[in-house]
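A, B, C, D, E and F label the chains in the order they appear, each numbered from 1.
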Amino acid sequence: MSGSAVAKSGVSRWFSRGPWEAGAMTLIGGGIIMLVQPWSIDLYGYSFVTILAGTIGYVIVSHFPE
Amino acid sequence: MADVILRNITKRFGTVEAVRELSLAINDGEFLVLLGPSGAGKTTTLRLITGLETPDAGSVMIDGRDVTHDPPGSRDIAFVFQQYSLYPHLTVYDNLAFPLRSPARRVPGPVIRKRVEQTAELLHIASKLNNRATRLSGGEMQRVAIGRALVRDPSIYLMDEPLSSLDAKLRSELRIELKRIQLELGATILYVTHDQVEAMTMASRIGVIKDGQLLQLGTPREIYESPSSSYVASRLGTPQINFLPARLLSDVAVPPETETVGIRTEHLKVGARNGGRMVGRVHRVEHLGEQNHVHLDYKGEMLVTLADPHQQPLEAGQEVELHLVHPLYFDRAGQRIPAVIH
Amino acid sequence: MAWLFVAPTIALLLAINIFPLVWMIRLSFTSLNLSMSYLPLRFVGLDNFTDILTDEDVWFRLQTTAQFVIWSVALQVVIGYGLALLINRQFRGHSFWTTIILLPMMLSPAVVGNFWTLLLQPQIGPFNYVISLFTGVPPSSFSMTGQVSLAPWTIVLVDTWMWAPYVMLICLAGLRSIPDYIYEAAEVDRASAWRQFWSITLPMTVPFLMLAVLFRAIENFKMFDMVNLLTSGGPGSTTELVSITLKRAAFEKWRTGYSSALAIILFVTVFGAANIYVKALNKVKQR
Amino acid sequence: MTAALAKSTAHSIVEASPRSKAVAGSLVILYAVITILPLLWIVATAFKSQSDAIAYPPKVIFEPTLEGYVNLFTVRTRQTPDFIAKLPPPETWYDKLVRQRDMVIAGPSKVVPRFVNSLIIGFGSTFLAVFLGTLAAYAFSRFRIPLADDLLFFILSTRMMPPVAVAIPIYLMYRQLNLTDTRLGMILLYTAVNVSLAVWLLKGFIDEIPREYEEAALVDGYTRLQALRKVVLPQAVTGIAATAIFCLIFSWNEYAFAVLLTSGEAQTMPPFIPFIIGEGGQDWPAVAAATTLFVVPIVLFTVLLRKHLLRGITFGAVRK
Amino acid sequence: MRTFNWLRSSAATAVLGAALLGIFGGGEAAAQSKQLTLCWAAWDPANALVELGKDFTKQSGIEMKYEFVPWTSYADRFLNELNSHGKLCDLIIGDSQWIGGAAENKWYVKLNDFFDKEKISMDDFVPATVVGYSQWPKNSPNYWALPAMADAVGWTYRKDWFSRPEIQSAFKAKYGRDLVPPKTYDELKQIAEFFQGREIDGKKVYGAYIFTERGSEGITMGVTNVLYNYGFSYDNPKKSYQMQSFVNSADAVRGLEFYKQLYKCCTAPGMTNAYMQEGLDAFKSGQVAMQMNWFAFFPGLYKDPNVGGDKIGFFVNPAGPNGHFTQLGGQGISVVATSDRKDDALAYIKWFAQPAVQQKWWQLGGYSALKAVVDAPDFPKSAAFAPQFLESMGIVKDFWAEPSYAQLLLDMQKRVHDYVVADKGTAQQALDLLVKDWTKVFKEQGKQVASQ
Amino acid sequence: MAQIRVENLRKSFDQFTAVQGSNFTIDDGTFFAMLGPSGCGKTTTLRMIAGLELPTEGKILLDGEDVTFRRAAARDIAFVFQLFALYPHMNVADNIGFPLKCQGMGRREVRERVQETTRLLRIEHLLSSKTSTLSGGDRQRVALGRAMVRRPKAFLMDEPLGALDAEFRHLMCGELRDLHDRIGATTVYVTHDQLEAMSMADRIAVMNKGRVEQIGSPQEVYDRPASMFVADFIGSPPMNFLRFEGGLRSGDRAIAFYDTSIAIREIREDRATAPLALGIRPEHIRFADAAPVRGEVFGAEYLGTTQIVTVDTAHGRVAARLPSNASVRIGETVGLEFHSERLALFDASSGLAIRTANEGSACHG
């Protein structure tokens, strides 16, 4: 048990949920802002990809351990 | 009534081992209490016997029959839950009749009536039969909850801290009551609690459980007087047993290997200074009415002992002489070393 | 056993939500136009997506939608929070008046939106006359739904009328979730009323406010019924929210492939926002 | 303990002073009055004649008439006075009312079938959603389901989807299955939308019923299903009722799906009401009458539901 | 906690279950007797058709059911219905522009064989209506509908106001000519300006009412009335789909600018999203002096107790600098291809085509397209608006009737409304963008679009 | 540090009177416990002293100053709530520093004071933790810290240990008392747990139904309860009551109990024949075969050092505390002998104690 626990803590340092989730959420939020901002049509053009990446990222990342 | 035997039961929740290699035999007509702090695996053990959980390893035998994988309904067990065992949408009568009306049992109507009424009589709640379950006082509710187990005649009654939600007064009343009923019915009861007073006062045998393991099994007196380990010793007795590192008692003879000395209040006598070597200072005196708790400072360790409030008033700061009378000795691992000295 | 209980629900959702969604994803790569379904089905790759994501008109519609969302949610939060603070003072009869305030929220937005066109009609509707009564501006000198400068505010106004009670209700729950003893503690700690609001009331209601804001933002982002009946996007395209654009593309122009692509863009946006919403939901739930 | 505490703080220093209560009260009442004015105008318009309803300037004081309601429930044709004079005398008060306007009742309008549709689709989808929702919620509440959080999120997210977007593939699918403009189609669709609310709400309600209750029943020899029926459901009745009403409110008020997927057979009230046409223009008194009749049940529910309102609109996150 | 007992809730379950079962019963029970459903817009002529249809029921024993929806959602609703292969309508009186799509998608039953069999000749109908309502492709002998309701845009005015001496003299003093119904759009604008804001009978009134509706087809139907007369055409008469410099020609731009001027100067405030019913409301409540609207409503208006009779007058859509046209309205009646009762539906059309029925149709308030009715010598005298109707039907022009008409229409709605009502851009820009939009639509459809 | 005086304090909620006419003085530096069952008015009294509730009648003096109608914020007291009342959105340091910030104290000074306080409470390591992650005991320490940090005149505590579990509660009792000994501030402590009150307080006021029944030191209150209520409420198991009817004359040293006589301290009161109750603490009972009061053993509860034996007598059930090595058989008949110097006598109808020798200073509320 202790062996696996050590291994896990090594992995979980990289895959702990908090910061990743925050990142994915920022991506989603940023994408939505890109989608509706009135300044640059280029940003608008990349908004969908951003939201999609954020959303898919979130779905994956939310399965990381707490 | 029948024997219940647990063999090497193990139950894991995720990575947590709630019960580890636990074996236990409950004899017919016995009131066995499992005592342990919350999270020790007591409730899980009960639920494993009931069939509400399935063990990862080991087996459960009731009356010689292996029921490890039987559904709860077919195990002939009655269970009293800590709380919430009454159906708020039913009357007291219907609550009591509920177990008998179960499709697995098919008890005829008149028999149900008779049994419910008998049980209500036994528990002194006959006058409340037509009340809504929610309209009862706490004590009455708990009686009905126990009654729901008693209407049946199961192999064993399992009780999960049934008194813990009641206030102290009611609890002490029902404690006596429950013990009386058990004796009257000759019932086998496995009772789970974290309250040492309940365990000591009701049990014919106590099993002390910690981290899913059974540490000691014995009569209350056995466990109180000859605990197998310092942990078990600390579970029983108020005020709690004092522990002193053996090295502080350099001039008192202790068995070899002794790491810690366990001193219950009755092992510690306090007297005026009279040339003895063990001298402590009174730190504080608690007045609890029938007794005073005297907190003593002995070489930086705090010890508690009892004093009669009506004799030799002790004051904070006073220096007193300490005498040990048959204390308990524990080794490095906390296991008790049987005393052979004196 | 567990699966037996969940299966019918999941099956229904698969049939009604997921299967069609997958179908729609397929369609979004085609040139299908339902009103010309005799034309051969052509796969056009990402053309529909690039079309949408380079189209200024759609971009403007999304901006309009965002402005509608921002202003209506902001207004609802201000009014809703204010009302909640007032109602939380528990004056006599507060529960009756609260119920009155809640009414608009329960009504069908479509049915009510339709009726608002009468209320806002400059000559025969009462709204302009009431405004005129308080400001002296002649009633038929302005048109709430017809003027470019007013129409966006009109949909914000009607939406606020309907949904400020929602924000109010949630804020009220937030306020009531703060136990009295916290304020008593603050009182003993000698906090002024102003400090109590900023240091205790506001921070402790923020999760609830978040919930309300996110929910309203998602709802208003996909707003269709009320606005469709109230202004149908006009004048010009001043109040044309993106879901009206989508409805026109899908059910009036029948550009199924194109509108599927637009629908997927909205889907993903809402789905992303829903993730954040559920996080907020769980946060409030844990309290 | 907390109850006693709450009680003892009734006169606490935390309570607002009478003056601030009075100020708060008047502001709230002012807002409430402004808020219901449009609704009162709707109710009033329902009792106006058609010309009063579109009077320029609008009329606050008018002679009440039931014309709006008569128009709502009938189809009328305009006739010459000579023709009307030749008819046998009117049999009912509404015949008379119509003839005063040089018209003859040609038959019943579609409002009753549409209302019936609203009832059938509303109640049908509600029943199904609550039924499926109860099962699923029970499972989510009591069993360890792998990926339960994801499933719950998936279930909820289906409700967050823009209806117009959902309608596109549904439209295509229903066209293939001959489900467009059928009550079954609408019931299935609304059930799918409602079931998410039902699962979330009911899970909350069932979570609150301690599982000991069923376990006690299991120990007593009942099966899971029997325990669910005899122990859990009776205790969840209020929750189920509240859930049902929220589902009903959704399907009652729903417009986007209804307008895109129904036209006749299965059309509900929301897309129908704006289609109530008089001679040329929208028949405002009849529209108002329909709106009133349509809205009254919801208003009643709102009053009855106050207790559960919050829970319902936050997917069970906030209880009170 | 208030608890229900289980018995009661199971009773409720039973009731709900029963209701659920009812869903499948209801529809079929009604289908027992013979009946037809006719779909059309909800307006005055529809009511007349209900009256007329009673004769058909009497003759054939077939019940008639009707599904009428308001104009603003008429196209959405029925195109949706046709598209979803719904069975709501057996007969449909579909808008003239739908004919292309309906024919291509086979939504309608082709009527050539039926006409041949029943000896119904299209030559008996007013030519403009045959082209407009029945043929696809246009000007080819392929018939998909029987002209049912002839219609065009016309104008009503307040004859009582026009004839008041004080108003007449005030007008003459200002403009140096008599106050009579306008012959040209410039005159119309003058008159409208004259009435705009004037106090009559204690009420402030407005000059003209024109179409501005955004959602369906309103503003397009209004704008084209002016555009045609200023020299707009949809494409190069010699080269199909070549729209550049026809749709956005200088003349067309001037026409659009004129429409906007008219909107700005002479309409009531709030008429920003107004189509037929708003016009009727405005006219009936005495707000406007002149109203643009479809002939279909004129019988109803004429009968109106407040503004009808002597108080109302009618005139033909005024001419412009480059021509005199008016927007075609009206519809043909078709049989829906997915109907289960096509034979009965055809029987209805056969009955409807009879001259006697057509005659009665006109008397009840419908507009017949049968020559026998409209060319009858006493026709002009048969109604106050009959002469104007006859004249209008001679100068009608229609919007695109392409299968992609809905896209074309919605694009024009947007561009024109953006310019006229929402003050976005210039007329030139609006029409340029329209050409761009339309080009895209045709290209998507695979049509060759020449740019010059 | 302050003295608190309460004069004629009354509080009514609509029909219900929570506190009726209390009078007492709490001396500077005293640990004063108000003890009583729930609903007895102890919390209301405390809240009135704090200024969280306004009295219907009466006066509250803080260091001789009338503060009866002053806001809580103006009283310079600290209040520790039963449910801790920590601000859940602030961390430990912010919670403790909040009262200082409200006073407008500089950021640096606040930090120093907070650190000083947490050091005293041994929770320095928790400074930046969220309060929701703390254990019950640590929360209680933070709540105490927030009360202490301002150095108020008095601490008012409303069942501060009520939300902790039993084992831990006892530990915290000691800690609280130690803290009081160190700071020496006047403390008013409300509890329903007699053990807490007994083990910590210098003086105890026992309250019942809005009335103070007795005020005295813990031992006084235990040994000489002023009423049957107090006698029953304090002690576990509680005092046994044997009811009988009889008359009393001042100077008697025995009472006629049914057909026997029981020795008792000298009675200092005359009474006509009336229902009386003899109060015996369980530890003052011995088994003696010859004793006249007899009963059948109903049950024995083993407690380690001692055991509680319940005996059914003709006059009611009696609990006796005996050494655990005394052998007792259930069902056997035993005689009960009472420690005559420790018996109490009550008027059974009013519940008030009857004066006996060495009555001392126990006063009636």
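Everything below uses one rule, namely that a residue touches a chain if its C-beta (ideal position, glycine included) is under 8 Å from a C-beta of that chain, and two chains touch if they have at least 3 such contacts.
The structure displayed is predicted, hence computed values, not measured ones.
J.: Among all other chains, pick the one whose mean CA position is farthest from the mean CA position of chain F.
T.: E
J.: Which pairing of chains accounts for the highest number of C-beta contacts?
T.: C-D
J.: Nearest whole angstrom, what separates the Cα centre of chain B from the Cα centre of chain C?
T.: Measuring from centre to centre gives 58 Å for this pair.
J.: Just give me the whole-number Å value for how far the CA centre of chain B lies from that of chain F.
T.: About 28 Å separates the centre of chain B from that of chain F.
J.: So how far apart, in whole Å, are chain C and chain E when each is placed at the average of its C-alpha atoms?
T.: It comes to 35 Å between the two C-alpha centres.
J.: Rounded to a whole Å, what is the gap between the Cα centroids of chain C and chain D?
T.: Computed from C-alpha means, the inter-chain centre distance equals 18 Å.
J.: Any chance you could list the residues of chain E touching two or more other chains?
T.: In chain E, residues 1, 3, 5, 80, 83, 281, 285, 287 touch at least two other chains, as defined above.
J.: For chain D, jot down the residues that touch at least 2 other chains.
T.: 5, 9, 12-14, 54-56, 171, 234-235, 259-260, 274, 282
J.: Would you mind listing the residues of chain A that make contact with two or more other chains?
T.: In chain A, the residues touching two or more other chains are 59, 62.
J.: Could you please specify the touching residues of chain A with respect to chain C in the complex?
T.: 21, 25, 28-29, 31-32, 35-38, 41, 44-45, 47-48, 51-52, 54-55, 58-59, 62
J.: Considering only the defined contacts, which chain C positions touch chain E in the complex?
T.: 31, 33-39, 121-124, 140-143, 145-148, 231-238, 248, 251-255
J.: Would you mind writing out the residues of chain C in touch with chain A in their complex?
T.: These residues of chain C touch chain A: 49, 53-54, 56, 59, 62-63, 65-66, 265, 268-269, 271-273, 275-276, 279.
J.: Under the touch definition given earlier, write down the residues of chain E that touch chain D in their complex.
T.: Touch residues, chain E against chain D: 1-6, 9, 13, 16-17, 19-20, 22-24, 26-27, 37, 42-44, 47-48, 50-51, 67-70, 73, 77-78, 80-81, 83-88, 203, 276-278, 280-281, 284-287, 297, 300, 303, 306.
J.: Using the touch definition up top, name the residues of chain E that touch chain C in the complex.
T.: 72, 75-76, 79-80, 83, 101, 104-106, 204, 214-215, 268-273, 281-282, 285, 287, 403-404, 406-407, 410, 414, 417-419, 421-424, 444-446
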